[in-house]
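Pasting a structure here, questions to come.
Residue numbering begins at 1 within each chain, and the chains themselves are lettered A, B, C and D in the order written.
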Amino acid sequence: MIDFELTTADEKILNSAHEQAIIGRRYARYYDKHEDELTPAEFPEAANLPNPTRLAEEGVSGSSGSRILHSLVMLETYWGGLALHRSKWGLGNTVLKTVATPEQFEKWKNHTIAIAITEPGAGSDPANIRTTATFDRETGEWVINGEKIFISQAQSADAAMVLSRFIAPDGSRGMTTFLVEKGTPGFTVGPQLKKLGIRSHDTCNLLFENCRIPEFNHIKGDFKSTMSVFNDSRPMVGAMALGVARAALDFTREKFAERGIEISYRGGLRSRSAVVDRFIRLEAIYEAALLTVLRSKWLEQQDVPPKVEASIAKAAGGKAARKITQGCVELLGPEALSEDHPLDRCFRDGRIFDIYEGAGEIQRLIIARSILGYTGRDLR
Amino acid sequence: MIDFELTTADEKILNSAHEQAIIGRRYARYYDKHEDELTPAEFPEAANLPNPTRLAEEGVSGSSGSRILHSLVMLETYWGGLALHRSKWGLGNTVLKTVATPEQFEKWKNHTIAIAITEPGAGSDPANIRTTATFDRETGEWVINGEKIFISQAQSADAAMVLSRFIAPDGSRGMTTFLVEKGTPGFTVGPQLKKLGIRSHDTCNLLFENCRIPEFNHIKGDFKSTMSVFNDSRPMVGAMALGVARAALDFTREKFAERGIEISYRGGLRSRSAVVDRFIRLEAIYEAALLTVLRSKWLEQQDVPPKVEASIAKAAGGKAARKITQGCVELLGPEALSEDHPLDRCFRDGRIFDIYEGAGEIQRLIIARSILGYTGRDLR
Amino acid sequence: MISFELTDEQKLAQSMVRDMALTALRPAARDADDREAIPSSILDEIWSTGIVQSQADADQGARSATLNAILLEELAVADASFAIAAAAPIGFLSAIATQGSPAQKKNLLPLFAGDKYRCAAVAIMEPDFGFDVSTIRTTATKTRDGYRLSGIKGLVPLAGQCSHFLVVAQCDGASEAFIVDRDIRGVTVGEKKPNVGLRALAMATVSFKDVDLKPAARLGEGAGCDVQRIVDSARTALSAIMIGTSRAVMEFVMPYTKERVVHGDALAKKQTIAFRLADMRIETDAMRWMTWKAASILEQGGDATRQAQLAYTYAGEQAMWIADEGVQMLGGHGYLRDNPVEMWYRDTRTVSVLEGAIGV
Amino acid sequence: MISFELTDEQKLAQSMVRDMALTALRPAARDADDREAIPSSILDEIWSTGIVQSQADADQGARSATLNAILLEELAVADASFAIAAAAPIGFLSAIATQGSPAQKKNLLPLFAGDKYRCAAVAIMEPDFGFDVSTIRTTATKTRDGYRLSGIKGLVPLAGQCSHFLVVAQCDGASEAFIVDRDIRGVTVGEKKPNVGLRALAMATVSFKDVDLKPAARLGEGAGCDVQRIVDSARTALSAIMIGTSRAVMEFVMPYTKERVVHGDALAKKQTIAFRLADMRIETDAMRWMTWKAASILEQGGDATRQAQLAYTYAGEQAMWIADEGVQMLGGHGYLRDNPVEMWYRDTRTVSVLEGAIGV
């Protein structure tokens, strides 16, 4: 039956996540100002607190389901701007889980594995990937050369799952993935990138210079299976975007209330002030995007792999974060620009979600191809 | 020196145009309801009134210049929704003037000549034009077959300038123009098209079935020279769009005033009601578009042929009419939907300008190619 | 528990109405717009779905605001006016069923259980520029014997066919609703007044001149009613209808742009067209979930005011954008009455500024 | 007579400032943003254009709001903070020059005729959520000897370097402006308060605690002044600056998208990118003519309130859209501080919500 109410079990987890987000928010400005410092694996305040992400993943009886709950926990975390528990799961782990042999999986299952796809000349376009692995017959090793950029968890991960061209001993060529552990000679992690926002988000470039790895590290993901990790992550990114957006909305509502501006949902356009009307429209954008995220997550939970729905959630969330964070600053006026308040950080953080892990344009291509029955060649 | 003030001479002409537009508006609903009737060549009230279009074209001493003035007169006319003097000039006349021989020009200079380009399968795309003229050696005549659609002035014109493929006696092929007079056997004008708006605007399809015309009627415009008539018309269409848009704004302002809603430009966003804030933003869209029209016309007047500026004026005017007419209905609410008021007509009429004579998309292609240095092949 | 799952019964009803909408209703839409009237055969088709009568069912479980939202969307894919022909009596009946006194339910609901189309409508809007649902001017003053109702209501759908109106009026400083039989003294149904859209609904002004009403005419009788709930229900219904019209546009322009070739390529292969189609899909999805959420809260008896406002506000913006782009994608053809898109453009501007008059 | 013609003198000044903006100023912009300070060498470059000093010229013909708008656009192509470093003293001086008493002009204008950068600013905004230029809270109460000024002003550009402030306050129920020397008792310039954008301007709060002012401190002395005109001038200047930043974005992303190859084609050949670039061009053009129109009315002494409001409102919307799309077109690179676009995004959000503080 159609229902949009959280269960008691949902609320318990989400309340806990929200309390932790309130703690996280206290640290958010510090790490915004100190982007070279990694956040701790666990903040001191978190020592005696449950990890709501883990609880959500493990499944809670009486909840709306682990997928839905996980996305809502993520939303709360991004509301605070900083997780009290650093994630041990990287998108490289998803590749490992999907395509590795049992032996490979066993070896690295407890590693945090970043995923390394993007290159200076290639975002979503595999044709431009230049990183190459050649096989050295003498040593039985692969030798990787290339550069990867914008790599999340680059510094905190134990290893990177690298999408690379390969030239095999038999001369055959293609695209594949290799697991490169930290400390492997020839593998260098660059400094933290200087970003507009999400400055606590560990992001560096990676350099591979004659980096030698054993054949056992060849995980044999192809381009498609590697990119498919983003299928799962898309609605999650939508949820993250909405966490930042809701922080901006909540702050604005709070300041409105302090100034005695009442938000009434009863009357229509002609009964409202300009700022209240706009605020309601921003709230509607939030609500619209949130429901597309829940819809996508609900489908996953029904074991109906979402097709366009994951892209819809990502596109809607990314757009919502842009519009809402920009809009809230405008509604509150000049004082909202100041670093004394969290809104300037929301404005900067909120701009990433429509860019990374498949920009809004890529999501629209995916949606359009699907609804029109077009291939990637038909529409690009 | 940069200046945006109308001269006394400008104002005199524009006041006269506005007075006639007020008369025109009285008839607008009638012709909106009776789309099969042509408006008279001259309304009775116009008999003793000057034709402001003609005055503007002829040039008035002390004015801002005939091109600028002409566009502003057109804006006033469309404010009313109906011209008291039916235009004797068609875009086909522009082709005649540009490419005809002196003998040809002399013969048809006093005719009203419609331009016939669009076909069922071809809007702006010449590759799809199917109308074909073959030469009959025996009679020395051209034989035209084909169909043209959305032809303005179709019923009131004396002739049509038809863009057609040709197969010459020597077997050569290409694209050219023919003047076909009304009454020529094989040339049929269809009934008035049933449109969303601009219902007083004479628009029919034309059919050519073995329509024979003498060689003298071959005007020899090519595709480029024919399409170039739209260079001149683009900012004029922008002005027409703004006439309809201003009618909507004026009506809204009047109703606001009756209800005691004051539009203050002094304060900022946080001092305004929702409807006033939106109204100001609609006014800004109007002002933005109007100035791009004036800019384009001013360039023409300096004998600097506008390049992107004509397309900018058309695109801006077309968009303004969409947004403003839609917006005004929303601001005034349910009562604004009624045929008791002119706003529903503005809403319907205002939707054409971003479609005809090169849709907004075409204008953006032209602008983008120009600023990026791209050809039609690079960007389409 | 968050769930987007339709019950089997809901799926069946949705599929039935979807079929009927496309086969029986859509073909009649243009003609109804031209004639400014809905033929009785179409009203009977709508009636045959049982969607209106189920509101009058004594069993409260037979009424479902969520199901109504789902079915109104499907009807609106055929035609917004036809959907409102259902939503008008639904709005009236659901107000009676949820807020009426036992006597009001007993007297009124059975009238709508028959097998012929019957209409009644909520009358909220007033013919006044700047009308807002929060500033009603119609008044009901207490008299010795009940109430005296005075005011003018506009845009009443199928006003000429309504047997009853539920009139929202100011009464002792609060908003109340009054059940008014169309045949009593002082009630005048005006001539139909053509509007830019929803022309088939033949909306008209209804004036109430010193209409004397019994105390029993007040919705909820002594207890009164919550007018906001009627507004919330109306906004939710209007949102559902806007999803339907948006889907109609989207489903019409997709094949059109795939077939239409420009400069050697299908129009749909141009990124600007393809991305707008993607956005149409994104927004119709979002509109639907927002509408379901508001309907679901209504159905569970909760306070749906905020959700209904958000759903209606969002749907209004997005549906207008979709209809506008639909016209644009067809170019000159979109401007001709040969194609339905211009009608959807007019209907959408109309639906998106109405407030009240219908319900889920 | 409608004309878009620059005089030869204007063309010369425009071309000179354009060259300087790109060669001398732009290269210094990122560093100034990082350090939250404008180096004095840059201030001297700006000063060398003579744009500020010309406001202090005894010859009224030397001042031109239109020319100032043209030149602020060019400066802002280099950097919005740098442009405001000019626009702040211009705003102060043009208020004195157009509305000051003869004595005020005589005493103040010559101070700004020297050959070193000097700053002064209009102080309108207040550190209060929901601040609106129409609801000033700072007060000036009449005393036996003049006025007593109390209040806090926020976001004063280069506050630490200003020798004077022109403080807008409520006085006897009307808005008035007061010339306040920064060194007098009760004036405290706060620490710079970093903002999301325009960081190089080191904007700070300035508080006025029971500041005693002579009658001569009131702008226009006995006659008072028209504060709205100061606001109009500020809005026009802010619009000019937004044109500049928008042009910076557009001129940066055009070559970038032409060079960047995606799926075998330049990004600029994708219709969605190309159309947005076309829209950027359309809107920067429109913003410019609107700003010129407001400036031209100001220059001719007319009532520019409506035009300035329209120009500022429109520029704010469009410039924000352009900066936002600029970031998007660069993808991940747009999010890095290696490229200037993220700075323009921050600066634009900042400029587009400021009101006052500067002028043409």
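Criterion: contacts are C-beta pairs under 8 Å (C-beta built on N, C-alpha and C of every residue); 3 or more make two chains touch, one makes a residue touch a chain.
Model, not experiment: these values are computed from the prediction.
Enquirer: Among the chains, which is located farthest from chain D on the basis of C-alpha centroids?
Expert: Greatest centre separation from chain D goes to chain C.
Enquirer: If I rank B-C and B-D by number of C-beta contact pairs, which comes first?
Expert: If we tally the contacting C-beta pairs, B-D comes out ahead.
Enquirer: Could you give the separation in Å between the centres of chain C and chain D, each centre being the mean of its C-alpha atoms?
Expert: Each chain reduced to its C-alpha mean, chain C and chain D end up 50 Å apart.
Enquirer: Could you work out how far the Cα centre of chain B sits from that of chain C, in whole Å?
Expert: Centre-to-centre distance between chain B and chain C: 38 Å.
Enquirer: Quick one: report the Å distance separating chain A from chain C, using the average Cα coordinate of each chain.
Expert: 40
Enquirer: Can you pull out the residues of chain A that are in contact with at least two other chains?
Expert: Residues 268-270, 275, 330, 333, 361.
Enquirer: Would you please write down the residue numbers of chain D that are in contact with two or more other chains?
Expert: Expected reply: 130-132, 271-272, 275, 355.
Enquirer: Any idea which chain A residues touch chain B in the complex?
Expert: The touching residues are 268-270, 272-278, 330-331, 333.
Enquirer: Could you list, by residue number, the parts of chain C that touch chain A in their complex?
Expert: Where chain C meets chain A, its residues are 1-7, 10, 66, 130-135, 228, 231, 254, 258, 268-269, 271, 274-275, 277-279, 281-283, 285-287, 289-290, 292-293, 296-297, 300, 305-311, 313-314, 317, 355.
Enquirer: Which of the residues in chain D end up touching chain C in this complex?
Expert: The touching residues are 270-272, 275.
Enquirer: Would you tell me which residues of chain A are touching chain C in their complex?
Expert: 1-7, 10, 63-65, 68, 265-271, 280-281, 283-285, 287-289, 291-292, 294-295, 298-299, 302, 308-309, 312, 315-316, 361, 363-365, 367-368, 371-372, 374, 378-379
Enquirer: In the complex, go through chain A and note every residue touching chain D.
Expert: 118, 121, 123-125, 127-128, 149-150, 193-197, 255-256, 258-259, 261, 275, 322, 326, 329-330, 332-340, 344, 347-348, 351-352, 354-356, 359-361, 380
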